[in-house]
Amino acid sequence: MEHFFSVLGIWLGALFTFAIFSFLYKDNPFYKVAEQIFVGLSAGYWFVYTIFFILIPNLFDPISQDIGANWIKLFPAALGIMMLMRLIPKTEWVSRFPIALIIGTTSGIFFLRYLKSDVINQLTATMINPFAGSDPVTIIGQLMLVIGTITGVIYFYFSKKHEGAFGVTAKIGIYFLMISFGAAFGYTAMARISLLIGRLQFLLGDWLGIISP
Amino acid sequence: MKRKIPLVITFIVGIVVIISEFIPHKPFGRISGELENWYLIIAGFAIILGQMNLFKVNLFKIRYKQKNWQFYIITLISFIIMVSCGLFWGTENNPGLFGNAESITSVVGSKPFDYLFDNIYQHLQATMFSLLAFFIASAAYRAFIARTLESNLLLIAAILVMLGNTSLGSSLTCWLPENLKFLHLPNISSFIMKFPTTAGQRAIMIGAGLGIIGSSLRIILGIERSYLGGE
Amino acid sequence: MTEKITRKQIDRRWIFLFMFIGVALPLIFTIGFPIETSENSEIVYDLIDNTPSGSKVILSFDYDPASMPELHPMAEAVMRHCFRKKIKVIVTALWPMGVQMAEDTFSQLKADFPDVSYGRDYVNMGFKAGGIVTLQAMGKNFREVFPKDMNGTPIDELPIMDGINNFNNINFILAFSAGDPGIKQWVQIAHDTYGITVSGGVTGVSAPAVIPYVNEQKQLTGLLAGLKGAAEYERLTKEPGSATKGMDAQSIAHMIIILFIAIGNINYWRNKAKEKRGA
Amino acid sequence: MKKIIFLFFLFFTCLLFSEDILFEVNDIPNDDGSALQLRWNASNISAEKIVIERKDNGGKPTFVLETDKSTGEFVDGTEISTGIEYSYKLTAYNENNEILATANSVTFSKAQWFNFKKLSLLIMSLIMIISIVYYIYSARSGKELYIRKIAGLESMDESVGRATEMGRPILFIPGTLDLDDMQTIAGLTLLGRLAQKAAEYEADIIVPVCRSMVLSTAKEVVKEAYLKAGRPDAYKPDSVFYLTDDQFGFVAGVDGIIIREKPAANFFLGAFYAESLILAETGFSSGAIQTAGTAMPSQLPFFVVACDYTLIGEELFAASAYLSKEPHQLGSLKGQDMGKAVFVIALVIGIILEISGIHFLKDFLTIH
């Protein structure tokens, strides 16, 4: 019986794989069914996931095991319930409190996190001696790195007209952005094709058995 | 009151989070970690709102027989099946309301929730993800046209990196002599990735970082308040 | 950025069809394009090849099915190499699905290595949540973090775990990583704090962010990047597998994309010339 | 004679040190007093095994660590708190498990009120805060501020106009992350402006979301926008709706909407991952004008390639200030630019210093 279900599982997998692929040709009932099942199943999945892997370990377990040490968790629980007061039109505005708290936290955390990791750390990573290097290729590369970073940042300058020397610098910045977009596109192509390879290996191997999986 | 208090909350919380970064002393050192944990819990409660909305919107479509209404029945059924499997028999390591589903597991091979996850959900996910392989090709065909200097740079960088990352590309230029090895396609590709690409990415990161910093401050100071529903 | 293009375009479904066939055929009929190995992959190969037999290593499976196409062939090739060299493999997982990934890899290899016995030459310690904190604890006391393997067998009953109290008796750690927690955390703790050799394999998308760790300080000893890294490894061990086949498909797919870019450009310039003449 | 004394001295120091092992335990500076730093060097006596134990306030000894490294460092962070005396004992063994030597160290742990390692971060934060607050105030006092054109935003009027003309809706997606990401908040801010415009021109707007909290916030934003446009009756509560929390499940649903509703204009403003290209390509095939904006460096290439207009990184955050044209919003942008100028200058100075072999600035700014 277990064998039957594992074979059924593979057939189900193949069926849904084709249903999604069929969207590439055009919208059709198979895709519509797969789409709606996908939406429904995944919404259900995340609901169950939230209960078992977020609310139980982070809230219910700590409170039920030792409320004395974890009384502080009652605050987020109360805020969570305030969130649910949206369901009643009259008390809708109460949900603004938890939202305000979350947005305040996000703003504070992001202010520091991005200043640290995306601004200061990137600045120090660019503070290099571009002429230190054994071969000319590396030196050219490091010069590009330094110039590209500076001109790129200048492109984002909003409160000055991009004209004259400033405009030229910003233009060079755009060129570097374009190269980086192109390269990142090409590089990601490889990873994305691997995904299709994985899918086809499932279809040709696990399902049809033409190739050894 | 309905609008002022939330603004005050945002201001105080934002300032406290920023200040506590610099104070290792208790309780400041742990504030932001604790607040992030709170977020998880609040969001955990809030997920019910989404689910209710999903239910309501779909029921509405079915009731008033809007276009394609039959398909929305499927949405609701699959949602109910997934939730009840999870709640009644639990997941791999968590028992549900009806216990651990030993008898079903012995027949099917895994719990119903996991069976649906492994055999339907995961395949749907992987296939949806793999559509990118097709779209990357169609987007490249449409957009990589040598029109201006900018689009040329985009195009050339993409092609060089793509060529450099395949065996075919490396066999195209493997005849190059040692002193011209930097023109070997895989080397060109890694040069582009290492220097100009890093420069471009860094510029975006620094710019976006500053944008986030500015927006955060605007929100903390209460200048940007549309998230509360406009002015 | 893309201005409205007036030229006539190929129906993109042709592109989709070409991609589908172009990827499927090389998977069925191997072409065998030559694969050139990169230095980073060679370092990983040498690391394992020069490890004396009987040594113990940790392979950490920090990925889930979404990254299977890239990381699975890599894991298989590396584990195969370890078994060939009679190196004992201890599996850990920082991602919950990693346990299953490791089991899957092991079951693929079972037929080729009938002598490898669970508990003596190979063990799967299962998943531990907590990321960096767990790694720190592992470095302090491995047995406390993993008192049992994934089947619930106590660690004292597993011969392979004799003498493993922390990272000290581990020759090296090799992480297959699709994100956080993953290879970065292993570098930060196992290498930077405990001085253990760390190596690994990552997905193509995350490779640019990880490669900087392969440096003079040897924070990472080599790196396998994406499907290409896996194929290179198969080439080095002279045991071509699914990654090698995948690389053929990869090459063809890239060629198809480049071909269509060329067609797009030719069309564009031809139309432009026509317009000029027309005007 | 001098030589003999010197040799004698040398001999004794060798003797002294060969018997000795170095073992010290110190409070870790700049922390909350919950960890201690242990350092030992027993290489002189060729120890094969080191065992360290700890007593809290003279209580029972507890095991801390066992290692075969004769020299090393370790951070003990297990149940350490301030005001307790910790006495550590290190025992070195030889290969036969015989005790070679022992050493003790006693210490207290302290908590600090300022983390000096983050001094540079504090300075940089202050530069940003002061310059932004300063320009907000100077803008309020009526100073005229210039702001360059953001190409990606030109599409907004065009899109709304087109939607009205064709009688088709506008699709807006505020990213696939939750309210704990600034990009989502920036996207929602822009949603407010767009919804108001749509309400004025009597175009429909549909907003599928994949997070419950974004659902609540987006509903408020759209409702308020209709109110501001003076058409609260035209607001349809179901125009903002939830699909699923799952990344690709959401994409599957949105793709279906794009193909069936055929929106005249698509806006993807917020945080996106791999779904960026799937959405943008499906949107293209349905013939919509597409505007995207994200700060995800890895997804920008796809939006740039497949959409008509793209807000790159910082432009997404500047957009709401740009559209509002309110003086204090524009002032904050100006302040942001001043901060940027300071950082670029710091970067140039840093590079010059590095070239001349001075590493002071880089070391100062490096945050661990």
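The chains carry the letters A, B, C and D, assigned in the order they are written, with residues numbered from 1 in each.
Criterion: a contact is a pair of C-beta atoms (placed from the backbone, for glycine too) under 8 Å apart; a residue touches a chain by one contact, two chains touch by 3 or more.
Because the structure is a prediction, the values reported are computed rather than measured.
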Worksheet, complete the sentence: Label-sorted list of chains bordering both chain B and chain D is A, C
Worksheet item: What chains, if any, are shared contacts of chain C and chain D?
Response: A, B
Worksheet item: Which chain lies the greatest distance away from chain C when centres are computed from Cα atoms alone?
Response: D
Practice prompt. Please work out which of A-C and A-D is bridged by more C-beta pairs in contact, and write that pair.
Written response: A-D
Discussion item. Can you work out the whole-Å distance between the CA centroids of chain B and chain C?
Written reply: 21
Response to the item:
Taking each chain's mean CA coordinate, chain A and chain D are separated, in whole Å, by 14
Discussion item. Centroid of chain A to centroid of chain B, CA atoms only: how many Å?
Written reply: 3
Worksheet item: Touching two or more other chains, which residues of chain C qualify?
Response: 1-2, 12, 16, 19, 23, 205, 208, 228, 250, 253-254, 257
Worksheet item: Which chain B residues touch at least two other chains?
Response: 18, 21, 36, 39, 42-43, 46-51, 54, 68, 122, 124-126, 128-129, 131-134, 136, 138, 140, 142-144, 154-155, 159, 162, 165-166, 193, 197-198, 201, 204-208, 210-213, 215-217, 219, 227-228
Worksheet entry | Overlap residues in chain A, where contacts from two or more other chains coincide | 20, 23-24, 32, 34-35, 38-43, 45-46, 83, 86, 96, 99, 102-103, 105-107, 110-112, 114-115, 119, 123, 126, 146, 149, 153, 156, 177, 180-182, 184-185, 187-190, 193, 195-196, 198-199
Worksheet item: How would one label the connectivity among the chains shown: line, ring, star, complete, or other?
Response: complete
Discussion item. Going by the contact rule set out above, which residues of chain B touch chain D in the complex?
Written reply: 18, 21-26, 29-30, 36, 39, 42-43, 46-51, 53-54, 57, 60, 67-68, 124-125, 128-129, 131-132, 135-136, 138-140, 142-144, 154, 201, 204-208, 210-219, 221, 223-224, 226-231
Item to complete: Flag every residue of chain D that touches chain A in the complex, lowest number first.
Response: 120-121, 124-125, 128, 145-148, 150, 179-182, 185, 213, 216-217, 220, 243-246, 248-250, 252-253, 255-256, 259-260, 297-298, 300-302, 304-305, 312-315, 318, 322, 333-334, 336-337, 340-341, 343-344, 346-348, 350-351, 353-355, 357, 361-362, 365-367
Discussion item. Give the list of chain A residues in touch with chain B in this complex.
Written reply: 1-2, 5-6, 8-10, 12-14, 16-17, 20-21, 23-24, 32-48, 50-52, 54-56, 58-59, 72-73, 75-77, 79-81, 83-84, 86-87, 93, 96-112, 114-115, 117-119, 122-123, 125-126, 137, 140-142, 144-149, 151-153, 155-156, 173-190, 192-193, 195-196, 198-199, 202
Discussion item. Under the definition above, what is the set of chain B residues touching chain C in their complex?
Written reply: 122, 125-126, 129, 133-134, 136-138, 140-147, 155, 159, 162-163, 165-171, 174, 186, 193, 197-198
Discussion item. List the residues on chain A that touch chain C in their complex, please.
Written reply: 24-25, 187-191, 193-201, 204, 210-211, 213
